Amino acid sequence: MIKVGIVGGTGYTGVELLRLLAAHPQVALQVITSRADAGIPVSQMFPSLRGFVDLPFIHPDEAHLEQCDLVFFATPNGIAMQQARALLDAGVRVIDLAADFRLQDIAAWEKWYGMSHACPDLVAEAVYGLPEVNRAQIRLARLVANPGCYPTAVQLGFIPLLEAGVIEPNNLIADAKSGVSGAGRKAEIATLFSEAADNFKAYGVAGHRHLPEIKQGLACVSGNPVGLTFVPHLTPMIRGIHATLYGRLAREVDLQALFEQRYANEPFVDVMAAGSHPETRSVRGANRCRIAVHRPQDGDTVVVLSVIDNLVKGAAGQAVQNMNIMFGLPESSALDNVPLLP
Amino acid sequence: MIKVGIVGGTGYTGVELLRLLAAHPQVALQVITSRADAGIPVSQMFPSLRGFVDLPFIHPDEAHLEQCDLVFFATPNGIAMQQARALLDAGVRVIDLAADFRLQDIAAWEKWYGMSHACPDLVAEAVYGLPEVNRAQIRLARLVANPGCYPTAVQLGFIPLLEAGVIEPNNLIADAKSGVSGAGRKAEIATLFSEAADNFKAYGVAGHRHLPEIKQGLACVSGNPVGLTFVPHLTPMIRGIHATLYGRLAREVDLQALFEQRYANEPFVDVMAAGSHPETRSVRGANRCRIAVHRPQDGDTVVVLSVIDNLVKGAAGQAVQNMNIMFGLPESSALDNVPLLP
Amino acid sequence: MIKVGIVGGTGYTGVELLRLLAAHPQVALQVITSRADAGIPVSQMFPSLRGFVDLPFIHPDEAHLEQCDLVFFATPNGIAMQQARALLDAGVRVIDLAADFRLQDIAAWEKWYGMSHACPDLVAEAVYGLPEVNRAQIRLARLVANPGCYPTAVQLGFIPLLEAGVIEPNNLIADAKSGVSGAGRKAEIATLFSEAADNFKAYGVAGHRHLPEIKQGLACVSGNPVGLTFVPHLTPMIRGIHATLYGRLAREVDLQALFEQRYANEPFVDVMAAGSHPETRSVRGANRCRIAVHRPQDGDTVVVLSVIDNLVKGAAGQAVQNMNIMFGLPESSALDNVPLLP
Amino acid sequence: MIKVGIVGGTGYTGVELLRLLAAHPQVALQVITSRADAGIPVSQMFPSLRGFVDLPFIHPDEAHLEQCDLVFFATPNGIAMQQARALLDAGVRVIDLAADFRLQDIAAWEKWYGMSHACPDLVAEAVYGLPEVNRAQIRLARLVANPGCYPTAVQLGFIPLLEAGVIEPNNLIADAKSGVSGAGRKAEIATLFSEAADNFKAYGVAGHRHLPEIKQGLACVSGNPVGLTFVPHLTPMIRGIHATLYGRLAREVDLQALFEQRYANEPFVDVMAAGSHPETRSVRGANRCRIAVHRPQDGDTVVVLSVIDNLVKGAAGQAVQNMNIMFGLPESSALDNVPLLP
C-alpha cells in the first residue's frame, strides 16, 4: 500500500482526490491537512464522503507528511514550492496540482503569478505531468507538476496536429469554456449561484495564467514557438471544460486517421467518430478526454472539439493517473468509473 | 456470472442500470432491447458508456430473454406485466422498475394507471423490493416490484416513526421535491430546459400515482391504514429527491436514537447527526438515503428530511441491490461508489 | 417628483429597487449610498443599468439623505434602526427592506436577531408594509417595515383561511422553497454556484428569523396565536419563492370562492383557477403573487400554493408598492411589467 | 393605434412578442393564431400573460389577418412565404421572424432549408431587418426579414471592422454560444432539462443555416465575399447569446474608437469600455447588444465579445424595433425596459 498525504483538502480538487483515492485498492490515505479547519472530520465538510473517509483535517504542523510515500498538494499557488524540498529530501514523492512547477521559464512564472519562486532548481527537475506526452519521464519523477485544466483540454486537442506539422503554428485559437468549479471553492461574489447561473461571459481575454503553460507545452511538441490566442469563458455548469480549437491547415492530411493513430494506445483519450460533437457530460466524473476533429465546409480551417471534466482529467484524476505511473500500478487503477449521465 | 437482460434500455433508468452493471463483477450483460432504436450501438446513444458497453440495442423479438438468469424491465408501465409470466415460466427471475407489480390492490392499480392488469395473480406473488422492509422475502423472490422514487424516500423517512407508533398515522404530510430526470427521457414540452430551469412548481396535487403506493407501504409497517397528503414538486436539478415529512407526535421518544437503531444495520441508509440538513448532492450517483430528524421549537411536529438520488436508490441502484440480495451476492456489489460532489 | 434615496445599493434588493425606480415616472433618484464602493458608478457594478442609472455610489457621510422625500434601506439588519430617527425628524419618510421594524415584540426581535434594538419606540410607530392587510395604515405611515420574502408568500396564502376561521390555527405547516438570490449578494461558500446548483436542501429547520414574523402576521389576522411549523429550503434557481401551505379544515367552505373574494380587488394577488399549479417563473421579475388552493382527495387537508418573485413582491417591488401608497400615486406605477417567461 | 396580428403564437418568440407588445402604447393586438391550440386562452398556456393578454388563440382560417396593419410571423420556416403575398396584396405589412426572406440567393436558401421557395420575387423585395445597417430601407419596407439570433450577434460584432477594412475578410472565426431557448419550444429529447443542464456542447460544426446568412450580411458591408468559420454551441442557460469573434488585423487602428464611433447613434448597441467582458445577463429581457473589443497581448488577433438576448435583440425585440421604424414610431417604444439582473 502506498501511504498518501494530501495538503489542502478543503477545495474541490481536494474532495475530488478523496473521492478517487477512497476507491483505490493500493492507497492508504494517511493524512489530510487544513490550516483553517483542523480538527473537523472531513466527512462533516463533505457529507458525500460519509462512510468512505474517517479522517479529520490535521493542522499542517502536526501532519508528519515525511512519513508518506507520496504527497499531493491541492493548495493555492505558492504553497507547494515552500514545502517540496523538505519532502523530497525525506524521500517523499510529490505531485503538485497547483502551478508552482509548471513553467520552466522562472521569469515568466514570476510575472504571471506575481511572486518570487522559492525553488527554481526544483522546477528544472519537475516533470510536467501530461502522460500522453511525458509518460516515460513521469515514471521516474520525484516531483510532478500536474497540468492545469484548460492546458490539458487544449494541448490534447492540438498535439496531433502540431506533432505532425499539419497546421500553421503561429496562428492558433483556443476558445475554451469552463464550468464554475474551475474557479475553486472560495467565497467570492463572482461565482455565486445568482451571479453565474443563467449567464455566460468571457474573462481574462487580455491574458490568463494558463496561456504561457499551453504555449510552453505546444512549443515543445511542435519544435517551435507557437502563436496562440486563448479566450476562457465561464459557463453555468458545475463540471466540465469544452475547448473549441481552430488552426489553419498547412497541408492535406487525413485528420481522423491522424487523431486515431496518435491516441490509439492512450487509455484516457477517446477520439470519436468523424462528425461527432462531444458533450462535457459524457466525461462527468471520469478521467477521460473525448475529442472530435472537423473540417467545416472543406475549408482550410481545422476545428477540434475537446472535452474533459476539469476536476478529473483536468486535476485530481490526472494526478491519480500520474501517481499510478510513478508507482508502477495499472494506469487506470481507481480511474475506471463510468461517467455520470444524466 | 449472472446473465442479465434489460428490456427498455433507452430511458434514464436504463442508462443508469447500464452504468452500474458495467462495473458489477458478477454480471454478464447479455442483451438490451429497444423497439425504436434496434441496431444502434448503446454507446452511440449514451457516449458516457463508450468503452464500457459494446452491445447494440436489440429488437425485443430477437432478444432471447429466456436465456437470461435475470431480466430488468426499465420500461413504461404496462409492459412488464405482458412479458413476466413467460419469463418466469422459463425460469428467469424478473425485477420490474415500473409500477406493474407494486400495488396489491388490483382495482386501485387499474384506477390509477388507467388500464386493465394483465396478470393479477402474479401481483400476489410479487415482492415489493424495499430491502429495508422486505429483505428476507426478496431473497426468495422470483418477481420483484422495484419501488418508485418518491415512495422510497418517503417510506424510509416515515418507517421508524410508524413502526414505533410514535406519530399519529392519520395525518401525515409528505412534501417532496424531485429533479427533472424523474420525469424520464421523453420528448415533452413541460420538461424542456427552457421550461424547467430557473423555475419551481408543484404538480399532481389532486392525486399522484405514488400516493397509493406510499400509503400501502406505510399501512403495512404501521399495522393500520394511514392518512397521507402527498405533494410532489419539480425542482430545477437533474437528479435527486428531497422529501420533507411532517407528523404529529403521539408520545415522547428519543427521535434520534429511534432512527439510528432502526437503520443501524442498513448499508444504504445513513442517519445523520441531530440538527443536520441532508443535501441531495451528498448522494448524487450513489445508492444511499440520508436522513435527519428534527423537532422544531420542541413542539409536537416531527420533521424528517430524507434525500436520495432518484435514479439510484430511487430506481436502478435499488434494483441492483435487489438483484444482489436475490442472487446471494454481497449487497453492495457495484453499489459502493462515492457520491459525486460537487 | 419624489426625491428618493437608497441606503445600501450594492445588494440584490438594491439593484432591483434601481431597476424598478429607473422606470418610475414620479421618482427622481437622488442618491445611492455604499460605504465600500463609494465613487464607483452604479452601472459599472451592474452593467444592466447602463443607460438607465448614471449615479455613482456615494459614501453615507456625504449623502445628504435628509434632502430626500423618501429613503429606502436596502441594508443588512441593524442599520436602518440607527438612522431612521434622524431622517424622520427631518421629515423624510422611510421604508426599511430589512427586518429592523418588523417585529412588535422587541424582546423576540432581540433574541432572533442577536442585537439590542436601537429605537423600540419607533417599532411601535412602524407599519408592517403588507398592503393586502394594512393599506390604510401604510397610506399614513412615516415608517414602513417592508415584509420579508417568505412572510409575504406564506401570509398571502394563509390569510383568507385564517380570516374566515376555516382552518385550525394551531397546526399550520409552511414548506417553503426559495431561489438562491434570497441569500443576498454576499461572498459565502454555501451559495456558490458549485454548491447550490444541481442540489436541494432544507435549512434552518430548528428556527428561522421569518418564523416569528409570519406568526405575528397570522395571529393578527386570525385574532389568536397560531401554531406554525416553517421549513425553508434552498432550490437551484435565481429568483422565486414557492410556499406550499398545509392546514386542517375546521368547517366546510367553498375554498375557491373564499380566495377569489378575498383578493378580488387586489392588483397584485392573482387567484388562479381551481386545480392550478402556479410556477415561480410566471411571476419572474414582476410584483405579483399567484395562488392556487387545493383540497386533495377531498380530505380534511387544505393545500395552498403561493408563488412570488422574492426580489419583487418579496422585497423591492413591495417596497415600491408601499411608496406608491404612501405618496398617493397609482399603486401599480412602475410595477406593471409583464413577467419574463421563459 | 396599429392593428397587429401574430401568426404562430405558441413558441418562445411568440410569447416574447406578446410580452413586448402588451406594453406598447401604439399597438392594438388583434389576433394571435395557432392551428393546434385554437380556442385556448393565450394566458392559459403562458400564465405570465394573465392580466395582460385576454385573447384566445384563433385558428388561422378564422383570423382575418388582412384586417391588420402589420402581421408578425413567429412560425417555423416555410410558413410566411406561403401567406405573405396575399397579405401584402391586401395592404398589410409583414415582418417574418423566421428565415423565409433572409437569403437573397434562392438556390442557397433552398439547399440550406431543404424546400422550394414559394415566392422568390418577394425575396428580392424583402428588406433584411438589421436596423444598424438598413434603417432607411426598413422605414419604407412592406416586407421585412427579421435576422436570426446568431447573425445579429455576429454581424454587429464584425461590422465596424469590415466596414473600415481593418481585418482580413477571408479568415473570420465566430465561436458562438446560445442559451437553450434558441432551439424553440418543441418537444425534443436533445433540449430536455436533463440533457441540456450541466452540459456544454458544440453542434452543427459541419454547417449551420445561419452561416450563409452571416456571410451574406458581412459580404455586404465588406464589399467582398468573406471567409467565415462559424461554430455554434449550446450552453445551459435559458436566454442569451455570446459571440466570441476572431479576426486578423490588416492594419493599425484605434479599435475602441472605431467601435464607439460606428455605434455612437445606435440606441440598442452599447460599446463597453476597453477591457470589458460583457455578460449575457446584462441584456436579459432587453433589446440590446453589448460589445467589447480586445487585442490580446497586443498581437495581430482582434477579439470581439458580443452579447444579446436571443429572444429580444435576436428575435422579438428586433422585430418590434423594425415595426417602430416602419410605422414612424419612436424606435425604442416598448423596448426601453431595464434588463433583469440577477
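Each chain carries a letter (A, B, C and D) given by its place in the written order, and its residues are counted from 1.
Keep in mind that, in the parts below, a residue touches a chain if its C-beta (ideal position, glycine included) is under 8 Å from a C-beta of that chain, and two chains touch if they have at least 3 such contacts.
As the structure is a computational prediction, the values presented were derived from the model and not from experiment.
Seen from the C-alpha centroid of chain B, the farthest chain centroid is that of D.
Judged by contacting C-beta pairs, the busier of the interfaces A-D and C-D is A-D. Spacing of chain B relative to chain D, judged by their CA centroids, is 45 angstrom. Chain A and chain D, compared by their mean Cα positions, are separated by 39 Å.
Rounded to whole angstrom units, the spacing between the C-alpha centres of chain C and chain D is 36. In chain A, the residues that touch at least two other chains are 12, 179, 181, 185, 194-195, 197-198, 236-239, 278-279, 281, 284, 342.
Residue ranges on chain D touching chain B, taken from their complex, read 12, 179-181, 183, 185-189, 191-198, 236-238. By the touch criterion stated above, chain D contacts chain C in their complex at residues 12, 15, 18-19, 22-23, 46-52, 181, 185, 197-198, 238-239, 270, 272, 278-279, 281-286, 290, 311, 336-342.
Across the interface of their complex, chain D is touched by residues 171, 173, 175, 177, 179, 194-195, 197-203, 205-207, 211, 227, 229-231, 233, 235-240, 242, 244, 246, 248, 275, 277-281, 284, 294, 296-297, 299, 301, 303, 305, 307, 342 of chain A.
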